[in-house]
Structures are given as structure tokens and as C-alpha cells.
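Have a look at this one.
So that you can tell them apart, the chains are marked A, B, C, D, E and F in the order they are listed, and the count of residues begins at 1 in each.
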Amino acid sequence: MTLWYEITMVNIDFDLLDKKLTSSVISDVLDGFGFRNQAMLDDIRPLDPGMKLVGHAATMLMMDQYEPSKNTFSLQMKTIDSLKKDEVLVVCSNESNRAALWGELLSTAARARGARGTIVDGPARDIKQIKEMEYPTFAKYIRPISSKGRIIAVDNGCPIVVGGITVNPGDIVFGDIDGIIIIPLEVAEKVISEALDVVERENKTREELRNGSSLVNVFKKYGTL
Amino acid sequence: MTLWYEITMVNIDFDLLDKKLTSSVISDVLDGFGFRNQAMLDDIRPLDPGMKLVGHAATMLMMDQYEPSKNTFSLQMKTIDSLKKDEVLVVCSNESNRAALWGELLSTAARARGARGTIVDGPARDIKQIKEMEYPTFAKYIRPISSKGRIIAVDNGCPIVVGGITVNPGDIVFGDIDGIIIIPLEVAEKVISEALDVVERENKTREELRNGSSLVNVFKKYGTL
Amino acid sequence: MTLWYEITMVNIDFDLLDKKLTSSVISDVLDGFGFRNQAMLDDIRPLDPGMKLVGHAATMLMMDQYEPSKNTFSLQMKTIDSLKKDEVLVVCSNESNRAALWGELLSTAARARGARGTIVDGPARDIKQIKEMEYPTFAKYIRPISSKGRIIAVDNGCPIVVGGITVNPGDIVFGDIDGIIIIPLEVAEKVISEALDVVERENKTREELRNGSSLVNVFKKYGTL
Amino acid sequence: MTLWYEITMVNIDFDLLDKKLTSSVISDVLDGFGFRNQAMLDDIRPLDPGMKLVGHAATMLMMDQYEPSKNTFSLQMKTIDSLKKDEVLVVCSNESNRAALWGELLSTAARARGARGTIVDGPARDIKQIKEMEYPTFAKYIRPISSKGRIIAVDNGCPIVVGGITVNPGDIVFGDIDGIIIIPLEVAEKVISEALDVVERENKTREELRNGSSLVNVFKKYGTL
Amino acid sequence: MTLWYEITMVNIDFDLLDKKLTSSVISDVLDGFGFRNQAMLDDIRPLDPGMKLVGHAATMLMMDQYEPSKNTFSLQMKTIDSLKKDEVLVVCSNESNRAALWGELLSTAARARGARGTIVDGPARDIKQIKEMEYPTFAKYIRPISSKGRIIAVDNGCPIVVGGITVNPGDIVFGDIDGIIIIPLEVAEKVISEALDVVERENKTREELRNGSSLVNVFKKYGTL
Amino acid sequence: MTLWYEITMVNIDFDLLDKKLTSSVISDVLDGFGFRNQAMLDDIRPLDPGMKLVGHAATMLMMDQYEPSKNTFSLQMKTIDSLKKDEVLVVCSNESNRAALWGELLSTAARARGARGTIVDGPARDIKQIKEMEYPTFAKYIRPISSKGRIIAVDNGCPIVVGGITVNPGDIVFGDIDGIIIIPLEVAEKVISEALDVVERENKTREELRNGSSLVNVFKKYGTL
């Protein structure tokens, strides 16, 4: 199946965005377009300060359950096996803190499919190994406990809410050490284009400030900070 | 005095466990034996991501008090002076956030006795120095304030609850970046033995996933993830 | 305008204090002088474990507001443009988590004025850049969102409460990985002098403990830990 | 000054709404019109279970400050003295828990102006007296401490966010034991009209359920619960 | 279908237990039998201080979801329509605070089936009406928002965890103003019998204390408090 | 033993204070004398809205412990048996939420000794019975679980911190629905005397406001609100 967003957005150069942009710049640009509530809450953090991710959101919805003997892996495995190139898996567990939703083996499988990273509003484990793999992973908690018999995938490809923000499949997700931003797909192109411009302009402001200009003067000159 | 657990468990090679195992693997093995609630809560963290500890638990119980002039060090010093080789000091302060229960000097004294690390459900200080010493320390908070006149040891060698988990003296404690696991002494040998096996098996699973096998197929083949 | 504390305290060698002291040692000395509540709460943290700051407090009071079109930068820019050599900007936002109160450009401007660092009880952004600049910044949260139209400076040079501690303009602020201490200006000289002494004495205690002395004996000998 | 909403909405019978409607029914009707996020968080509660309020929002923005000698009453008094008939005072303090924003004397003054109640996202005091007056007051906290020198009004008649919901001056506020709903002024008439209808219809559903009909059958018949 | 617990426990006189016992007495008796962790956390409260419930647990598992147009009522209605005489509906939503899981119409339907009350670890609404009905309802939150399109039942008749305690279908649930206790079915008969005895004995202790006996003497005489 | 505060303060008429004063008025008076931090945090609440207490503080310090078989009642009973007329028992458990520190039998014993009420920063139980006795009890939590083997008294007659405020034995404690105030013993007489005056003056202010005077005018006339 060809997804709608694969058709409309074929030419996003995610490696370029990863290199040039930051979540803070994107947030400012979204503000300018009137999208003032697109940053996830601050408690979903990269496992390593240098981790950065950008791609199309693939969504999964999970929940806690309480039957230890039940096989809880089925839909979760299927979802990960279906990930596509340039997707970022975004998992809503309604903020479960029971057991690790993500770990080294799932990271290995996701990377093999071409995924660019994973965001979970619950716990991850195998932190050392995931850092060594340099697979960009953002999680709310860290716990060593297996999800087996504790948390189960109940849906995928659906709208979810993670870190207080609605994520629709295909939306552009951008995460780095400053936070995680969701760019609604319908404004992605103009937001990305403007953000690349802003990055250039900020270099001048920074240079003048470094040379001793006051904030008031720089703001007068460029109309922004 | 020879402790019972010193007699029964003389031959645990803690250096080997420290090198080979992870808290996540041990947690999975404990799950398999029906011990599904042995991981401490996630807010007690290593001071440095690379810190890892394993050993027999030595326990201390502390509490907040409010008489600044009182000498609060007596039982605390005695407990640390009595630590033995291959022990891990586990301190229950009922989650006090008033003052540092642990610091550089206590770390120095504990290491000189042969202790393999310390876990406190309250604050530590002298973080820079403890990291430089590479003395494995896990704490819930970081605060610069001395415990003198603020928190006092009231018992040791007793059962305590730390991070939501009961710790009995002699239990095996294992901590790393994924979390902290308590292995009840009576199942320690079989848990450790099985965990060493699991580590080997996971290497195969990881290899196949890296080569592009789907999670569904790998799970079918090995019956586990 | 010459501030009173510039007159009375002209000869503090802040570089020396930065090199020799720690927040833990200063906290102990303040305890000894009866100032037992001078450490901020533990949730305002350095952006990088190695960051350390010491200087005179310059204060700013900010608040959340809800008119997106309003220019909220005016007093904030003026405050930062007025920072003086050896000052630390301390910002009270009453623990706002809405938007970043601090970022790379403000850090650049503050450093150009001679400021030694910034403490905010709200969010910072541009974390990667601030770390690269090595501008000591302590913050409670990290968020990518601009303060524009979200949070506004309403006063400066006033008493504020940050991390539970009152900060008056001119107070000595000391922050490192263990925490942040406020030294009231009137006792700054004797506290600093005593703290430099304590650091020397601790070297002996540490050495003896390292060589195997018990805590009980070391405490008997030196009367302190 | 005649406010715009006084012109457009002159004929709302607030006493009727107070008697007939509930926040739950209004919330359902707003859901139906696609306004799915109009209920404040659940921690702002009526001082007495029977308290109920409905009216046009008059807004005030307050903030914590730390100069005990400062007169902090000025704008606060002016705002309350300007309240009009059928207004509900809604106060945003950004969730201050320092001192009481509301008490018996302010309630007395507000009632004398014709206000129908007060909502504060901070503390109230004089609880016994306000209950005896039966002046509908909803607060997040209860504290006996005066706001004098602790919290100050900085604006009024502006948009604010209270309990997570934006409140614009003139919006219809409805509060009872189930919670507090903000009805945007532009949809107020159709929402109120529909809500009055729903109340009638629910009587039938309740009657059938009481007589033993299953939920499934009642839902089939009426298409709603 | 006849449930196992209906066969084994046919002769429990729930009206008697409701009249004579309290959750505190039952908790003490469970302690004596070694069941020391059977009380739910304290944040699930009766809607009215006088509400009390006792019966067999019927369980339902719910979860937040984010598709407004989806019909989320189906399994929830079926579960309530299937309630039996002397059952208490216990709902696990994994502590959702999004929308009301319970209200007047569901209470009406549950009572018509013979249910003795409802416990939810999420929000209830229609508080005034439920209190007037005197249908015993315990909830963690109060919110006016409909669950339609926000939270969905995904299972029933399964083990759940509510307020930190595992609840199996058929377990005896006892709730009053002091809290909520789960009595595992297998020890229900001896616990109930002992609890009825304890209530009688406490009358003597209370009488002696009222007449001025010291706690020490009363404890010596009766061996309990 | 005659306590110092019994000698110096023999003639306080606690019944009069109970009838005339409120915690809010006392807080204002303390503010005026420069004691601006004497109100406990707002989460210790009366079990019944009408409960009110005033008296000399008798203090007890308790802590969680984890040996179920241990007798934990000994010092607790002795402390309560030693309560004197016009004392209020104030218990610091460092905010334990494990088990009830207070209940009906202890209330009965305390009242028989002449105590005027109890404040605990942990849980109470037997809520219905304590309300029926009308024994003023303020607690932070409500739980049905016995303290036996869970929490133990370790000291009494010592300084403690409850609700964030230091309480010394003999201090005057005043609690009602607005909150709990600690009046340091050395200023008790002038605070009480001034508070009785303020109550009279407030009657005038209230009367004028009720008759329609503006807050601004009333404040101008009386210099206070």
C-alpha cells in the first residue's frame, strides 16, 4: 500500500533536516504560522544528549494489562515489522510506567526496516546497547522490566496523543535535546522551508551579540531574537 | 560473625556477573521463575551512566529529625565501618529529600572495607568526586546539604523497603543504567545461572534481526525476544 | 550607578572560588554559622555536569501571560543588557514550564556583558549550543518553545524566591553539580574564608579513610566528616 | 463602557440556566458541536458541594511577588469594584499556592456589585463564612494566609488560562460539582438552547433504565446515553 | 452461567456486613492472616462520606483512545447489562483522567441489575444525582466530560489492578470512608467471621479508654488496640 | 513535672479563642509582627469541615519500619497516655502514607486525658467514629491500615516539622477549615490579644462592603481589608 504522505512528500531530504535544524527553530516557525502548541511535554527525553530524529510518524497504541500468561507481543511485532524507510515509530502507552516498551532487539528490528528512531511515552531498557547502536530513542522512563504479560499493543496507524500533543500517522516528527515537535503534514513543506531560512538569519544575530551589541539594538535591527 | 549467606554462597564470582549481566536480563529470568516484582522504581539512578554494581545487600534504616545540635553520625559510621567485602550498602531513608545521605568520604570508607557500591533512596553529594573515584553509587536525589542534625541512622541489618521493593540483608543486588534488581537469596543461584545462559542466546536473536529477519519470524524460531 | 555590594566586596576572586570550592563545602560552612536553609531545591540542574558558577546575583522576575501578539521581550532585554561583570543572572518565573526563558542568544549577550552564568526556575533551550559555548546555565526544565507571547519580565533588581530560597540582588550565588547555594552578602567574607580552609582539612580526612582508618576513628580525631 | 457581549447577549436568563443545566450536559453538547476541550482540570473545586455558578467571565491575572512591604491590593480592588451584574470573576494566578486570592470581604464586595461567583486557580480562605454567605466560589487550594505582599494583580480584562482552558472576557462560565465549563461566547446561544433540550430527553432514558431496560436497548432506541 | 464463587459463597449476608463491618477492622483481620497489602491507595474516594459498599467484584478494563468519531460504548454497555445481584463493578482505566467512566445513567442501569456499587480508578460525573440515588460510587476524579470517543472498554471478567491492588473477579470488595479493601475469595469466609468477632471486642476496649484507662493498661489486658 | 509553658501561660482561655478566632485572622496578625511563615501546607485537613482546635503542642516523631512482627506501639501509647489538659498532639511521620497513625481508640484515650485535638502529617482511620465523637482531628491522608508493624514512634517532646513548619513543644497550635497556624510561644500573648481586636474591626469593614462601599474606599478608610 502506498500511503498518501509518501505520494505528496516524496522529496523531503531528512538527512539535511537532521543536520541543519533544531526543534527550537522549528517551534519558532510553527509559532509564526499560528501553530502554537506543537511541542511535547518535557519529560520524554533522548537516551543520549546527542540523539536527534526526524521522519514521518508511524503510530502504535498500547495499554497495561494484568494477565502474566497472556502473549502480549503479537500486534507489537507486526507493527514494527511493517515500519518503512524514514518513519519514526511513536508509541502512546498513556504514560505507562510498568514495563519497557522498547529495547535493543526492537531497535535492531526497526533499524533494519529503515526507521529513523522511536519515541515512547513509557519506559525503555537496554539503554547502554541502544546508545552504542546510536539508534535515536526518546523515552519517558527507564525500567529493566519486560513488557511481556504487562503491556499490549491494541492498535496502530491511528491518531494518538503523546506528551500532550496529537500525532497523526504521516506527521513530521522532529526530536533533539531541546524537545520533540510534531509538524502537521499539511504545513510541513512551508515550515521546513522557512526553518532552513531562519537558521541562516540567526547566525548574524549571534555574531553581532558576540561582538557586544545589546539585545535591544539587535532586536531593533532584525525584529527577532 | 559469619553470616549465613557467606556460608551458602561463597563462590559467587561477582566480577563475572558485573561484566556479563544486565538488570534487564536478570529481570526477565526472575519473571520466568514467577518473581515478577523485583525491580526498584525508576527514580533511583546511577550517578554516572556507566556505573554498575552487584553484591550482597547490607541494609541501613535512616530517618529525618529536627534537632540541629544532635550528633546524628554515630550508628551511620558504625554501619559503614562494618561493611564487608562484596557487600552493597542499601539505605532506606523513606525517601528523604532533606540532606545528603552519601558523599565522597563515606564512599572512600566503604570502598576501603571492600564494598562494591551504595544505593540510597535519598540524596547524595560530592557527585564529581564520587564519579572520579568510580565508586558505583545510585541515588534518588542530589543535594549539597550535610545530613548532620538532619537525618539519623536508626537501625541496620534489618529488612527495608527501597524503591518499592523489600530488601533483606544478604539478598543479591544488581544495578546498572537500566535499573536495580533485588534477587532474593534463596533463588540467587538458579537465577544467576539462567541469566548467564540467556545472554548467550540473545546474541543469536540480535544477529538475525540485524540481518533483516522479522520479529515475528525470530520469535517463532526462538520463542522469545 | 555603583551598587553597594560592588563597593564592599570589590576584592572577591571569583575565579579562585570557582576552582577551589564546591556547593557542598559552602553548605557545611553556612550550617556552622547557623544558616541552615541556603540550598535551592534539587530540580534546578546544570545543563552539563561540569558547569559551575559563582558571582553576585542579578535578579529578574517573570510571569506567564496569554496574549500571543504582545511583545514580551522589552524588560527582559533591558535586564540582560544591564548585566555587569561577575554577576549571575537569577530568574524567578514562579516555576513556569510554558516556554524557554533562556537560550543561546541570551547566553551570548550575557557573556558579552561579563556575566558568569544564569539560573532559571523555568525552561532553557538551545542546550547543545549553550554547552558548546560553556556558558554555565542551570535550569529546571528543557523546552524548545519561545517565550515570545508566553512569558514576560515584570521586574528586576528585586528580591525573588528561586528553588525555595530568597535571593537578594548582590547575594553570592554558587552552583555546581551538587546544587546551588545562596550566601547572604553580609556573611559572604567569613563564609568564603572558612570554606577555603575546610577544603584543605578534608584532604587529610580523605587520605586517612583511603588508607583504611575507620570513620569512627577519623571522626574522633578531626571532629568532623 | 458597554461591553460587546452585553449588547449581543442581553437576554440570557442565568437563573434559569443555573436551575436547569449541569456542567456534564453542557460538556456533551459542546462535544457535539466539535468543542471537545472546554472543561477545566478537576482540581478547582466548589467550596461547598451545592455551589453552582453561571455568568459572563470577568478576568484578572495575578502573580507571586516577594516584597512584603509592597502594597499589592491596588489593581485587585479596582477589578473587583468594577464587576458587573451577571459576571463571574475568573482569576489566573498561574496556580500560585502562596496565599489566599479570595476571601469573605472580597466575596462581600463582589456580591454587592452583582457578581454571580468567583473561580480562582489558587487558594481561598474564610471558607466557613463564604459557605454561610452562599457566594459560589471555586478554588484550587485553601490557605489562611493573606495575599498582602505575596501576590499582586498585574492585568485584567485580558485572555487568561485557568485549569488548562483559555478564558476570554465575556465567555460564558458554568460551574457545579461536576466541574467547570467555558462556553466560547460565539456559540453560547446554540449550546444553551441544545443543552436545555438534552436535559428533557435524558429524563426518558433514565426512566427506562430505572424500569429495567438494558443499556444496549436504550442506546439503540435513543442513540445516546 | 453459574460462576464458581456463586456456588461456594452463596450464603454471605452482604447487608449484615455492610451494617456491622468497616474497612479498618477487615484490614486488621487480613493483617493477622498475613495478607498485609489488600488496601487500595487512598485517592479513590466515596462520592459521599456515608457511602459504603460490599459485594463480589465484577471487573472491567478500559483505556484512553483518540478517535472522536469512534463508538466507544459497546463493551462497556454489555458489561454493565451483565452485572449480577450482589456484585460491585470495579473498573481499571489505568488511572485515566480524561473523561468520566461513570455517571447517573450507568448507575441507574447497574442498580437495576442488582449491583451494590461501583469503584473506578478514573473520573465519575453526575455527582449530585448519584448522591441523591444513594448508589455507592467510589472514584479517583470528578470530571464533567463524556467518555464517548475518549475511553473504551477492552476487556471484562479479567484480573485488573486498581489502586495498586490486584482484583480478581469474585473477590470480596469492601469500601467505606476509611478506604477500600479486597478480600481474596479463598480466605473470605474466615476473614469475615473473624472481623465480626473483632467488632464486638473493640466495644470493650473503647469503653475502658473512655472511662480513663491508659492505652498501656488496656493493651496489656486485651493484647490489642 | 510542671512545664515551663504551663507556668508562663496559665491563663489562656482556649474555649474563648476556639469560639472567636480563625486561622486566617491569626495569620494576618502574625504577618503584622513579621512572622510570615507560620501556616502549615494545605494538605493537612480537618476530618470534618466544622472541626477546630487550639492548644499547646505536644509533639511526637514517628517513622516507617518494615518488620511486621515487631511491636510498634510502645512509645506511641506512652506519649498519648502522658497528654495533658489543653494540649494538641502534633505528630510528624515525615509524611508517611503507609498506615493510619490515628484512629478512634487513640482519640478516645487522648480526649480522656484532656487533649483538645490531634494533627498528623500521615493517615488517620475510623473517620466516621471520630466525626461522631467530634474529636478535632487533622490528617494528611485517610487509610484503613493499622500502624502495627509499619510505623513506630521514635521520640516525643522534641522539635518537629509538620506541614513545612517547625513545631516546638508548648507552641500554640490553631487549626480550622482555613488551615493550621503555629504561634511561637514567645509571641503568643500579644498575637492572641491583637487577633481578638482584629475580629471586632473586620465586622465594620464587612458591614460597609455589604452596604455597597467599594473596596478602594473601605481600604482608604480602615487601611486594611
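The definition used in the following text is that a residue touches a chain if its C-beta (ideal position, glycine included) is under 8 Å from a C-beta of that chain, and two chains touch if they have at least 3 such contacts.
It should be emphasised that the depicted structure is a prediction, and the values quoted were computed from it without experimental measurement.
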Contacts shared by chain B with chain E include exactly A, F
Comparing which residue numbers chain D and chain F contribute to their contact, where sharing over half means same and under half means different, the two sides are different
Interface copy of A-E among C-D, A-B or B-C, with over half of contact pairs matching by residue number, is C-D
Greatest Cα-centre separation from chain B belongs to chain D
Looking at Cα centroids only, farthest away from chain E lies chain C
Here the gap between chain C and chain E, centre to centre from mean Cα coordinates and rounded to Å, is 50
The distance between the C-alpha centres of chain D and chain E, rounded to whole Å, is 32
Distance in whole angstrom between the CA centres of chain B and chain F is 41
Here the gap between chain A and chain D, centre to centre from mean Cα coordinates and rounded to Å, is 37
One finds touching chains in the pairs A-B, A-C, A-E, B-C, B-F, C-D, D-E, D-F, E-F
The residues of chain E that touch chain D in their complex are 68, 73, 77-78, 80-81, 97, 100, 103-106, 108-109, 112, 123, 125-128, 131, 141-146, 148-149
Per the touch rule above, chain C residues touching chain D in the complex are 61, 63-67, 92, 94, 96, 154-155, 158-161, 166
Per the touch rule above, chain B residues touching chain A in the complex are 22-24, 26-28, 31, 36, 39, 42, 49, 176-179, 181, 202, 205-206, 209-212, 214-216, 218-219, 225
